[in-house]
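Accompanying notes for the structure given below.
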Amino acid sequence: MLESLFLKFLPSLDPMTSAMVMLLGMPLLGFVIQIFIGKRLFRGGDWVSVGTIFVSFALSVLLFIDLLSSGPQFQWTTSWTWIDLPHFQLTMGILVDPVTILMLLVITTVSFLVFLYSIGYMHEDPRYSRYFAYLSFFSFSMIGLVLADNLFALYIFWELVGLASYLLISFWFEKPEAAEAGKKAFIVTRIGDVGMFIGILIIFFETNGLLHFDSIFSYVAKGQFGGEFLGISLLTLAGICIFLGAVGKSAQFPLHIWLPDAMEGPTPVSALIHAATMVAAGVYLVTRMFPFFTPEARTVIAYTGSFTAIFAATMALTHNDIKKVLAYSTISQLGIMMMGLGVGAYVAGFFHLVTHAAFKACLFLCAGSVIHALHTQDMREMGGIRKKMPITFTTMGVATLALSGIPFFSGFVSKDLILGESLSFAMENPSHFLIPLFGFLSTGLTAFYMFRLIFMTFYGEPRDSKKFDHAHESPWVMTLPLIILSLCSLAIFFTGSPLGLGELSLWGEKSQWVKYLLEPPSSSEHPTSAHLYALILSLTMAGCGILFAYLIYYKQTLSSEKIAEKFKCIYKTLTHLYWIDELYEWAVIHNLLRLNTLLAHFDNRVIDQVLVDGWAPITISTSTNSGDFDNRAIDQMLVDGTGKVVRASGKEVRKIQTGKIQQYLLVGLGAVCGILILLTLV
Amino acid sequence: MTAQDVFFYIFALITLVPAFVCVFHPNILYAGLSLFGSFFGVAGIYVLLGADFIAATQVLIYVGGILVLILFAVMLSKNIYGAKFQDEKKKKILPGLLGLILLGFLVKFILTTPWNMTLTDEAPLPTVSRLGDLLLTDYLLPFELASILLLAALIGAIILARSK
Amino acid sequence: MYTQFATILIFLIIGVCMVPLILLVGKLLRPHNPDPKKLTTYECGEESVGSSWVQFNLRFYVIAILFLIFDVEVILMFPVGVTFRQWMTSQAGKGLLVFAEVALFIGILLIGFAYAWVKGDFEWIKTIRPQKKS
Amino acid sequence: MSLPEFLKDLFESWPLLGSIPLWLYSLACILGLLFLFLFPFAGIAVYLERKIAGDIQARIGPNVVGPYGILQWIADALKLLLKEDIIPAAADKKLFILSPMLIFLGGAAAYAVIPFAENVILANLNIGIFYLIAVTSMVALGLILGGWASNNKWSLLGGMRAAAQIVSFEIPVALCILTAVLVTGTLDMTQIIKNQSPYSWNIFHNPFMFIAACVYYIAALAEANRTPFDIPEADSELVSGYNTEYSGMRFAIFFLIEYAECFVICAVATTLFLGGWYLPFIDISGLALGLRIPIEAMVFMTKAVCLLFVMMWIRWTLPRYRVDQLMKLCWEVLVPFSFACLLGTAFWMALFKGKGIPELIYSLLGWGS
Amino acid sequence: MMFAVDLRHYLVLSAILFVLGIIGILSRKNSVGILMGIELVMNSAGINFVAFSKYVAADLSGQIFALFIFVIAASEVVIALAIILRIYQNKTTVDIEDIKDLKC
């Protein structure tokens, strides 16, 4: 269909190439137009961005229809030489296969809806056209990311996506928090990216310059990828390094800290980038490189994912900021996906990416709608707006049910698949029992905090009457995307069978299109009994979560304050997010960057702030009357003394840095001469 | 020794003696002026190497452009002939020494490296049109980039030089 | 080619020698009556005050900067200009492409030209004086 | 073929002359050019200028020395030769001496590539016109130095103005030359003329070339510091500009080079735009070389002298520009126009595959070229 | 035989020019003087390019690079002198030892 369309209109060019270039190029065109002349266009040029992304969207839909008709074997590639050196040739190319097309569909659909939504959400912003330019730029980078057929191109777009994310998070850069959050997101993900780059370099050197996915896989499959480093096989090491990139982008533990802060950006951005697409890029990367990971690497992935899932879910319990709750939920869900991929559930993990993109984007957009109406993000100031915003309420309810894993909603199908796979994985390897355990626990917690969110936001009495009176339903450009996305959150959209057990398919195998299209590369059949256990377990967990939420936040038979009082130390730990940020602040920023001053003020900073202030709640709760040891003398002599020595030596060494370039050059010249003399002597 | 070789030594002298003056003359104005000879000598060397267009460009850009600009800049500073603008001698000792060592190594490397010379002694072809073809084909990107570089330099320079 | 350049070299050598030669001839003929008054600087009869080696107007400087940039641009265009005709006449279909390449090259610099023009850097009337360090 | 080579060929079989090496021929040609052409021509140009000025201002002009005062320039030259040579005490002596040398070098070296007729060119460089631009750019350097070395406020101001003006106007000049190079496709002066023909001069190649020729002429006038652009030596403001302190023979050299440059400008305009030595519509290529060369030289000189006459005409008719007007004229009129000409000509070439208006008309009429 | 000129002679010439330029850069107090040293270095690079172009590569790519060196030299001189001009306007000095702050 797509090809015939392009053959008709552009007969002289290769239809698929021109289609792909158009798909990739339209958002770029939108970006270029918006960034240069957007301001002068009618309505700030939003129609340019929306129009261009709609073209991309339409193209991906056509592509998807083509894919459905031609089946999972569909693959199309093209490539051309980019760098041609005597011993090395770098080609750039486009790879289109089912994974790519599904990703394209997700990206362009969510992008298009979010663009549409942004028209309503951002209409008062002074940098309206700039905002759309950045959005277009993001869509361009993301499409490029999934179209790339080699690691190098993927890395380029990977960084472009990061840049777009940075620009959009700190879009309201007048707010210092937003600017800080942008920097934080950029730098934290960069840590992961360095790992990924090292991974790419390992692959590059081990395979003598192979960067194409297919060629890397066949190289690995032939067993040529040898080499060891410190007793770990280089293949595993490269896999873990690549995964590090995914850890950064997908906000997995321990690099998850940037995502909650990224909520400082506009809400549609959170929906598009930080829920549906960019953070899923990590999952996409792992999916794409799936055959590359060794069992050891996969175990690392599974543990990281499952731990992140439970870890983030607990953090979401106590938050009152509606967007941050969703952000932690996103981290948790990404952890679930990673866990799925780690235990080998290739299809399930990716399936969850697709369903999650829909309902999480929907949740964020609903949250945006609420924020738009109430002008606050604090759930404590909301409440009772169910009647005032019926569409938002309904759609958010549907998405919440999907996220909580209730049957007949999409989240149930995919999450259940992952949990079942992980359970059977643990049944085969009982030592890894923690993985499914974390998974199931996080399911229960997810249901709890999501319903907490719903109850606090939509039910009960309005807590802030002034804001409540002001509230109103959003305009149609904002509600339409909500409706579409909530429709996409229904299980019926993804599978013919309501319980998603695959075998019970109603309309044949094609109706379960995600599963149908993604033939697992190493299909290992697991016993279905695990699935049944998983179904029961997860439903029980979700039910418990919902029940608790109902009791605490709707009926209020259980007082949340009392519970918090009772488990004070846990509560405090959770509200402080396990002090991860503080830990990083202390470990990275102060230790690494301010060594001198830190030493001089050792007792001030570390003992007082981190140990006393930071760890105080724990120390107090465990042993309230532990002796306070006063080691001032030691502090002053040893610690301050160290600081003084460093400072004094720094003062002396500083004199070398005169600022006179000629002296530097002279030293440089002297060094060159010295090296030359040494070389001739040796 | 052919006539060409004689001319090489003449041009080398014309290049190096003024360069020497340029570096070591205490008066900055004379130093700048001596560059004139040096640039001309290099142009002669280019001619000997069969690069006629490059030679003329050397004269046009360096003598007609850069040197004029440098002289303007030299004349900016009042009192060129005063003691303040005379460089102290001792500042030259260390760089001179290091420079000599570096030169020694460079010469050694030049003389010991087995150069893969494909010497063509026939008269060089007309270079200009070949240069033009290369600029339009193989070196098109640098050619266009040169324009961008010049644009950047132009805008940067006029912003810097503009009065506040 | 070397023949032609040898002629140029001879020409240049003669050019350098010619002025001293003429002056030498003149020296044999002309009078030589030095007088301190004669050697003073001419300022229309006024007593000259101070050295004239004072700081000159900085506008000249800006002009020279503009010149150098455009000069290099024109020089880079020369080889292209020489082959331009061949490209136009011989290679079929390449003509407009080459024209576009050349036009792009010129166009990029014209942006800078337009910038300088719009910002008024070609205006001579602006006073540019060194600011005393405050 | 260049003049020395041509002469050597000519006298190859002669007993004595045939054995003279080529470089001696070159030397002889150069000296001949300088003493038999450059100096007398500059002198005569001065005489002509004064005569024309007289005519325009309704007075007689020089009429005492020789018939119609025609020997006036010799008298002037002798007078300058006999004048006392003064170097001001405050001047920087070395630079003061160096400056006229540089100016002479820059001004005279251009004559090496002027194609008076076929084979009558001192050095047939294949980068001829580019070489000419390069060496004339040295004049600016000499003027700055002269102005600086004199240690005279008038001189310094004049020298600076002259340098700024020369470099500014070099841009439109070079652009217009480039436009002509675009049309002819070579830098070789002889070849530039040969690529034209009695029927198709470059100036008629396309409308832009016509504008380019005009722009070139105006900009070149300014580059030579001629009125109406003689701000550097504006007598009412700066006494005499950069050559205020120069006297005697040194002054004569400044003077000489000014007129020498004027001729170079006219010769270049003739070569690039006006078909060089070709007569309009009369093809004499069939004639024997011995006959052709004098005719060609005369045609070339006639064209150049006519342009020179226009130059003098302008000088005595138009008032002087102000400095700001001058810079405005250069950067806001001439440079945009010359860029437009360049692009326009390039586009014309791309559109008509290098054919000019005359060729298009001839091919339309069905005449072979 | 040693005087018959080949590639090495050009390289030695350019090396001497280069070293002279380096000494100039290192020892001049006047920032314009440093610029002159840089010009010498650029010229030596140009000689190298053209010499290699003739003797080793036997094509014109070296000359192209010499052309680009001109472009770079011109841009560099223009920017450098504009900076010097600005510093001079603010501090009335072009002495590199007096210019200690980046801020003007």
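Letters A, B, C, D and E mark the chains in the order given here, with residues in each chain numbered from 1 onward.
As a working rule, a residue touches a chain if its C-beta (ideal position, glycine included) is under 8 Å from a C-beta of that chain, and two chains touch if they have at least 3 such contacts.
Note that the structure is predicted; figures quoted are calculated from it, not measured.
*Asks:* Listed by label, which chains are in contact with subunit B and with subunit D?
*Replies:* Both-contact set = C.
*Asks:* Enumerate, in label order, the chains that touch subunit C and subunit D alike.
*Replies:* Shared contacts of subunit C and subunit D: B.
*Asks:* Hey, which chain is the most central one here, using CA centres?
*Replies:* Of all chains shown, the one whose C-alpha centroid lies nearest the global centroid is E.
*Asks:* More C-beta pairs touching across which pair, C-E or A-E?
*Replies:* Answer to which pair has more contacts is C-E.
*Asks:* Computing the C-alpha centre of each chain, which chain sits at the greatest distance from subunit A?
*Replies:* The most distant chain relative to subunit A turns out to be D.
*Asks:* Find the geometric centre of each of subunit B and subunit C from their Cα atoms only, then give the gap between the two centres in Å, rounded to an integer.
*Replies:* One centre to the other, that is 17 Å.
*Asks:* Could you put a whole-Å number on the gap between the CA centroids of subunit A and subunit C?
*Replies:* The mean C-alpha positions of subunit A and subunit C differ by 60 Å.
*Asks:* Per the centroid of Cα atoms for each chain, what is the distance between subunit D and subunit E, given in Å?
*Replies:* 33
*Asks:* How far is the middle of subunit A from the middle of subunit B, if each middle is the mean of its Cα atoms, in Å?
*Replies:* About 55 Å, centre to centre.
*Asks:* List, in ascending order, every residue of subunit D touching at least 2 other chains.
*Replies:* 125-126, 130-131, 148, 163, 167, 170, 185-187 - these are the residues of subunit D that touch more than one other chain.
*Asks:* Indicate the residues of subunit A shared as contacts by at least two other chains.
*Replies:* In subunit A, residues 666, 669 touch at least two other chains, as defined above.
*Asks:* Where in subunit E do residues touch at least two different other chains?
*Replies:* 22, 26-27, 67, 70-71, 74-75, 77-78, 81-82, 85, 88-89
*Asks:* Considering every pair of chains, which are in touch?
*Replies:* So the chains that touch one another pair up as A-B, A-E, B-C, B-D, B-E, C-D, C-E.
*Asks:* Over in the complex, which subunit B residues touch subunit C? Could you list them?
*Replies:* For this pair, the touching residues of subunit B are 4, 7, 44, 47, 50, 52-53, 57, 60-61, 64-66, 68-69, 72-73, 75-76, 78-81, 123-124, 128-129, 131-133, 135-136, 140, 143-144, 146-148, 150-151, 153-155, 157-158, 161-164.
*Asks:* Taking the touch rule as given, give the residues of subunit C at its contact with subunit D in the complex, in rising order.
*Replies:* The touching residues are 1, 3-8, 10-12, 14-16, 18-20, 22-23, 25-27, 29-33, 36, 38-44, 48, 51-53, 56-57, 59-60, 63-64, 66-67, 70-71, 74-75, 77-78, 81-86, 88-89, 95-96, 98-99, 102-103, 106, 110, 113, 117, 122-125.
*Asks:* Please output the residues of subunit D touching subunit C within their complex, sorted ascending.
*Replies:* 2, 4-5, 22-23, 26-27, 29-31, 34, 81-91, 100-101, 104-105, 108-109, 112, 122-126, 130-131, 148, 150-157, 160-161, 163-164, 167-168, 170-171, 174-175, 178, 181-187, 239, 244-245, 248-250, 253, 323-324, 326-328, 331-332, 335-336, 339, 342-343, 346-347, 349-350, 353-354
*Asks:* Can you tell me which positions in subunit B touch subunit E when the two form their complex?
*Replies:* 1-2, 4-5, 8-9, 12, 15-16, 19-20, 22-23, 28, 31-32, 35, 38-39, 42, 45-46, 49-51, 53-54, 57-58, 61-62, 65-66, 69-70, 72-74, 76-77, 85, 87-88, 91-92, 94-96, 98-100, 102-103, 106-107, 110-111, 115-120, 124, 127, 130-131, 134-135, 138-139, 142, 146, 149-150, 152-154, 156-158, 160-161, 163
*Asks:* Quick check on the complex: what are the subunit B residues that touch subunit A?
*Replies:* 94-95, 98-99, 101-102, 105
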